[in-house]
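All chains are identified by letter, namely A, B, C, D, E and F, in their written order; residue positions are counted from 1 within each chain.
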Amino acid sequence: MATQPLENTSLEWPVSDFTRVPYQVFHDASLYAREKAALFHGPHWNYLCLEAEITQPGQYVTTYVGDTQVVVNRTEDGEVFAFINSCAHRGAQLVRKLRGEASSFTCAYHQWCFSNKGDLLGIPQQRGVKGKGGMPKDFDKSKHKLKTLRVATYKGLVFGTFSQETPPLRGYIGPALLEQIDRIFDRPIKLLGYYRQRVPANWKLYLENVKDPYNAGLLHLFHVTFGIYRPTMSGRVFMDESKGHSVLRTADIDESQDEVKSVYSGSEKYRPDYKLKDPSLFDVTPDYPDKVTNMIMTIFPNLMLGQVANTFQIRHVRPKGLKEFELFWTYFGFADDDEDAIEGKLRQSNFVGPAGYISLEDGEAGRLVQLGVEGRDPADSSIVRMGDDGVIDNQDTLATEVAVRGFWKHYAASLGLELAP
Amino acid sequence: MATQPLENTSLEWPVSDFTRVPYQVFHDASLYAREKAALFHGPHWNYLCLEAEITQPGQYVTTYVGDTQVVVNRTEDGEVFAFINSCAHRGAQLVRKLRGEASSFTCAYHQWCFSNKGDLLGIPQQRGVKGKGGMPKDFDKSKHKLKTLRVATYKGLVFGTFSQETPPLRGYIGPALLEQIDRIFDRPIKLLGYYRQRVPANWKLYLENVKDPYNAGLLHLFHVTFGIYRPTMSGRVFMDESKGHSVLRTADIDESQDEVKSVYSGSEKYRPDYKLKDPSLFDVTPDYPDKVTNMIMTIFPNLMLGQVANTFQIRHVRPKGLKEFELFWTYFGFADDDEDAIEGKLRQSNFVGPAGYISLEDGEAGRLVQLGVEGRDPADSSIVRMGDDGVIDNQDTLATEVAVRGFWKHYAASLGLELAP
Amino acid sequence: MATQPLENTSLEWPVSDFTRVPYQVFHDASLYAREKAALFHGPHWNYLCLEAEITQPGQYVTTYVGDTQVVVNRTEDGEVFAFINSCAHRGAQLVRKLRGEASSFTCAYHQWCFSNKGDLLGIPQQRGVKGKGGMPKDFDKSKHKLKTLRVATYKGLVFGTFSQETPPLRGYIGPALLEQIDRIFDRPIKLLGYYRQRVPANWKLYLENVKDPYNAGLLHLFHVTFGIYRPTMSGRVFMDESKGHSVLRTADIDESQDEVKSVYSGSEKYRPDYKLKDPSLFDVTPDYPDKVTNMIMTIFPNLMLGQVANTFQIRHVRPKGLKEFELFWTYFGFADDDEDAIEGKLRQSNFVGPAGYISLEDGEAGRLVQLGVEGRDPADSSIVRMGDDGVIDNQDTLATEVAVRGFWKHYAASLGLELAP
Amino acid sequence: MTAMPKLGADVDAQTERQVARFLTQYTRCLDEDRLEDWPSFFSGNGVYRALSRENEALGLPAPLMYYYSRAMMEDRVTALRDALTYEPVYTRHITSGLLIERGDDVLISRSDFALYQSTEEGITRLFAVGAYQDTITQENDRLAFIDRRVIVDTFGIQNLIATPL
Amino acid sequence: MTAMPKLGADVDAQTERQVARFLTQYTRCLDEDRLEDWPSFFSGNGVYRALSRENEALGLPAPLMYYYSRAMMEDRVTALRDALTYEPVYTRHITSGLLIERGDDVLISRSDFALYQSTEEGITRLFAVGAYQDTITQENDRLAFIDRRVIVDTFGIQNLIATPL
Amino acid sequence: MTAMPKLGADVDAQTERQVARFLTQYTRCLDEDRLEDWPSFFSGNGVYRALSRENEALGLPAPLMYYYSRAMMEDRVTALRDALTYEPVYTRHITSGLLIERGDDVLISRSDFALYQSTEEGITRLFAVGAYQDTITQENDRLAFIDRRVIVDTFGIQNLIATPL
């Protein structure tokens, strides 16, 4: 795969307003290699981890940029450095635990030792043994650093990029999204745990899902019936300049039950009658006064940051080959949460994660689409017209797929895909 | 795979009478994609299911055309319709159970609803919500049907095709085979069960096997020793015009024990002495007076319909990638079978299926050939000369591989493979 | 894979002295096919088995040449013959047990029978049945032998080759290595057992490992601390003409503890203090007076023959696809070993094999490198400069990677890879 | 003697059989798709909690599943039956390693499990291995879970968790 | 209390041990390749039947294997030894979930199994998981199957079934 | 009656429970990564030996692991903790098929196991299935292995064996 040249793909985009997505994008091996070069090793900021995971100097955590494993760590002077987890000598995986503490890193194979900034510190037998062997006189340690990434952070979110061309992080994210990040990270967070899902689908299907408010009120009964999310609520979809990032946001205001009834007339998913025998799940004090029940942000290429009721989480979409991804969740609350607030977030973990009332259905959606599209002809494509055709711009409605089109627009541009003549 | 262009293969057929089969056909990934386009999505009738599985309006069953999952169902007006199990919106698998009852099909992802003929009936939020969003004014539901197949049935066998060029079903099967189908389906059948085998071999190896009377009397001791099948019996191999379909047929007549002895002199498989401690397995009244003990029909590309003693079955060869197939058995008797007849068929299930005295060895044969040919040079080929070289035609003997050559002849023609210069 | 043309790879070698190895060699599928053609089915002697495994006429054993399964057996006249385990008729795997006794081989599928030299002896129904069917008159059994290999043996080691160009075995191995073989096989051996490891790495990573004395004293604490192997011992690395084969050899002489201390200053691996609670592991009488503690020989492409303390073993590196190999160990002692000597070798089996104090770390090294290099850019390469750049020749030191460079030099030449301009 | 904790030593054979039968009835209930009976294995305010071995090892509290009343469990069952979209599978639990000790008025039980899922086409996958850490009470001569903690080794969840472990 | 069926409640510890041992001897007999002993676990006209969970669920009768006499089982063993072509493998059964109840003069037993196959090259695959549904009789103080029904969850059979489950 | 060996018949229920608990404590000790306790399950000169089913079948003596004293086992543990380079995994043993018989002053025990390994990312693989063949002694009212032979069906070892089976 890795040896695939960047040019080598037959894909041309059928329509210029991205209302159609050729199913080929979900099972074409040549695209996978191209994504690695253009998106993950290219001029984009890729999410690495939270600063909260490496608060102390010497702490490190491993993560993935695309399917490349990367080590992120904090140095004595408090800076954050990141490098590919592969030794500069003969390439062995350098760090062998998922997370830990280390002031330097020694490779198991020949014990080359690297600083936590990625510099080569020492080489056994460099001058040989008993005057024989060893490295050539002209061997220059400074020329054998680890392969490092540029790192930037915003409000505790740590990003990295392999490219020198990548614009500054704030500009990359853009003001509209920064504001939403500010809202959540207005105070220190507290790590509550991780979840991992191995979804049998192409990674981009998850991005489609979480950029799509249209499914939110239709796939998930819980959303609808218990008022976490309804298209009849006050909702907006907005994007950055590139249209590659997006926010779906709903607040529990301006909603009349008649509207709800009319929208769900004939649907099985809305059950006004539906009651919980133990409703304490919803009996949790909101974390913010703004009545926002649902905020799903995506940062291109593969980060999701979200709020669902009282739950806050990072969802990192990690490709594991063409037809599988790991959905890696970082579930957090706030440092000043009291016991009740924490207990409330643990209760509401029943909404999210691999077993969550809402989130389990998103994994299933990925599986269903991957299964479905593999039977289709390569030339077939999906229909993405909800919210109208044409220009891709922010919309004050949830009855739209415009952010999905935005994703594909930026994806095609980033990979340098042509439009069909 | 699916994106493989039809041209992209290096295979040329070495000889014009198909007495040689290049082993490449069993492990060349480019051919797999080509088969999907040319055979399964091309101008051929592919077996779908039995009408007996969907007798009532609203009943549906899922099946496969190649490796494409297809839904087959009976409508209110009693017609049978079939479509790819992939939603017309964004491609999700539409039907999520293997079989069931439904008057319409609603996709889980955004609840687009389709009729059992594949027409799009309804779309949530088509006109938007609170006057915002929704589909473009010009959205035309009639342009977004499911991808349907043409369906034709004969004597309760249901076939489908994606192509408009495919000739009418009766002509496709041809009179010689229709006669054999008539013989078996002269009265209503009764479903007795399913078997599934995952054979680690290319799907075409199973077709080679069941078109090859030469192995029948050599691989299977039970065939021979207990007189279900012996090359010394009266036997014929005949094909349709295209040579792609075939029938092997043996009747327990015109056989002398001297002949048997001479043919099996020196072989371990024939054991005149061999006795069963419980012979009741064979103590079952024949279903037909014609003394036919064995009838194996294949209909191109991947259907087998057969009788072995008192057992009757469909064997549907479902490719699951290049080197694996599912052998899907539909085991049946007849509506007018009395208890003894049914009991007899259940007893004789010990001949067939994954554990059957005879059939288990056919799965093993596939595994052995796949293992063997992968070690060979791509240029190597098998020798298929039993029954003489040259013209491919019906033969009144079982000491022949002519039907195997017929299969490859039609296969090469269907894929548009060239002969080597 | 098998159909990959020999030309089809984009790899050019970056430097002419092989001090760099492009990581592409470890995950490029086109190279795997090329290796099959050029190395395993090409003009090289591939290890098959030991004569000690087939001492009696009629004994056979299966083995692999690359990933092609091969049967090796001894005929009545005491000769050794080998052939691909695939029938000359339609390719089925012919021999279905790993090892056994047989004077001839009958295929399960249609009972074609072959001599243990690979000649076709008989075909059922060759003349047809009742005067019908059968093979064409001109069918010539002598034209349908099994695909045989040329076989040559040296001191009980059995090698095979598919090519007529391969030079005589002694010349292929060369005098320097023959001498080492003679040392070990100076008396009849006795088989003690087999080990099998499935290592998740490209097969060539194991060759790199065992040609690399640099890691031997750094990866393995046991080597160092207990004086089985230390770079400060008297050690040599030497190769044959082609540089494809190599020997690493250490003798426990000319070593001062000060040297050891200085070389391992600051290393965690050397623990002069480290003691065993039960040291009886080392309480075994040497098999040879020459104080050699460690001798690791490799014969291109994929054989390792070694001594570690009192243990002697073959390690056959069997590729199982691009990213996995089976490390197949044949563990042996000597016919004249007394009970104590055998017991000593069983004790020291704790050094080697899948769980061995030393060898388990070599499997892990392979895993770590495969993991590490897959994250790197295809253009990246490893640094192999220990022991100096430039000419590749024997060295009287263990502080060297020169034999690794030798392997790649011969590898590139054998595959016909170009040097980058 | 760490290897020989008193653990379980003081539980009589009769109790051991009773607990073993109870635990088997639980897994069989799930494997026979009698989800409606699942809550009845718990006391009214019994707690069912599934935790990844990762969070457990890191001391992080976020659970995979967390039901702290029989009513909540009944809500889960209703959702599984009527509302949630997930792949239909057959399940099969294999268990072993039962050790029991007596706490004050309760029984403390430890056991291990492997859970297999088979698709409608008969393909079986190992879905999860892990451990059950149970606190069991004797209510009017029947057993019930006060607390069942399921430690999941296979926390790289294969797509999703629908039915209880 | 559905979750607490009387099932098994009335079988004494001694009988439970005896049945457990009997079932273990059966699987060990197979795992040690003592096929010739297999029929001896059945009464003379005992029935061995393997059924896919699919057919079972659909109420379709076609069995995977169906032997209704010890003689038929002996025929199967002879065929496996002398005649049939199939891959040689090592097998290993892991079982759990034994529940027993007493019928009139017979014992009704339920248990679960996972069956592994290992090739001659030491690669292990999960071949099948499923359940045993047994009717056992006490003949002159030894146990024997009157009826053993093997429900196979893994009915997408990996190539073929040679030896009994 | 080959299928009904006297095997185990003469061991009382109490002994059977004690052995079962002992064997479970052994596997739990490993699964909870209490390696330091592992040697304590053996008598001072107890023998631990792992053998591939292949060598076993061929009558070849080379062992996968061979520790013939508690001291050697402690050396292995020290190496695992301080020195050896191998992938960190979580382990989980599932066992069944226990049959016990009484030898002279010792207990002879047979059981089967499946051993799973889960990576730090929560992916589980079946690492090995096999059998335990044990000789157990009663030392001042605790049990200890005189000899534990582990027969490994999965002898195509997935990379390496680090911790004991």
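Rule of thumb we're sticking to: a residue touches a chain if its C-beta (ideal position, glycine included) is under 8 Å from a C-beta of that chain, and two chains touch if they have at least 3 such contacts.
This is a predicted model, so every value here is computed, not measured.
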{"item": "Labels of chains that are neighbours to subunit B and to subunit E", "value": "C, D"}
{"item": "Set of chains whose contacts include both subunit F and subunit A", "value": "C, D"}
{"item": "Reference subunit A; chain at largest CA-centroid distance", "value": "E"}
{"item": "C-F or C-E, whichever has more C-beta pairs in contact", "value": "C-F"}
{"item": "Option in C-E, C-F or A-F whose residue-number contact pairs overlap B-E by over half", "value": "C-F"}
{"item": "Interchain centroid distance [CA atoms averaged], subunit D/subunit F, Å", "value": "26"}
{"item": "For subunit A paired with subunit C, centre-to-centre distance based on mean C-alpha positions, whole Å", "value": "44"}
{"item": "Residues of subunit A touching at least two other chains", "value": "96, 108, 196, 198, 219, 269, 326, 361, 364-365"}
{"item": "Residues of subunit F touching at least two other chains", "value": "13, 52, 54, 85, 87, 94-96, 114, 120-123, 126, 155-157"}
{"item": "Each pair of chains that touches, named by its two labels", "value": "A-B, A-C, A-D, A-F, B-C, B-D, B-E, C-E, C-F, D-E, D-F, E-F"}
{"item": "Footprint of subunit A on subunit B - complex, ascending", "value": "1-3, 5, 41, 67-70, 84-94, 96, 108-111, 122, 124-125, 128-130, 132-136, 139, 144, 147"}
{"item": "Interface residues, subunit C side, partner subunit A - complex", "value": "10, 21, 23-24, 27-28, 30, 208, 214-215, 218-219, 231-232, 259, 263, 266-267, 269, 361, 364-365, 368-369, 371-378, 380, 382-389, 395-400"}
{"item": "Sites on subunit C touched by subunit F in the complex", "value": "191-200, 219, 221-222, 269, 276-278, 280-281, 326, 331, 342, 346-347, 349-350, 353-355, 357, 360-361, 363-365, 367"}
{"item": "Residues of subunit D defined as touching subunit F within the complex", "value": "1-5, 7-9, 13, 16, 52-54, 94-99, 110, 112-114, 126, 128-131, 152-157"}
{"item": "Subunit F residues touching subunit A - in the complex, by the definition given at the top", "value": "85, 87-88, 120-123"}
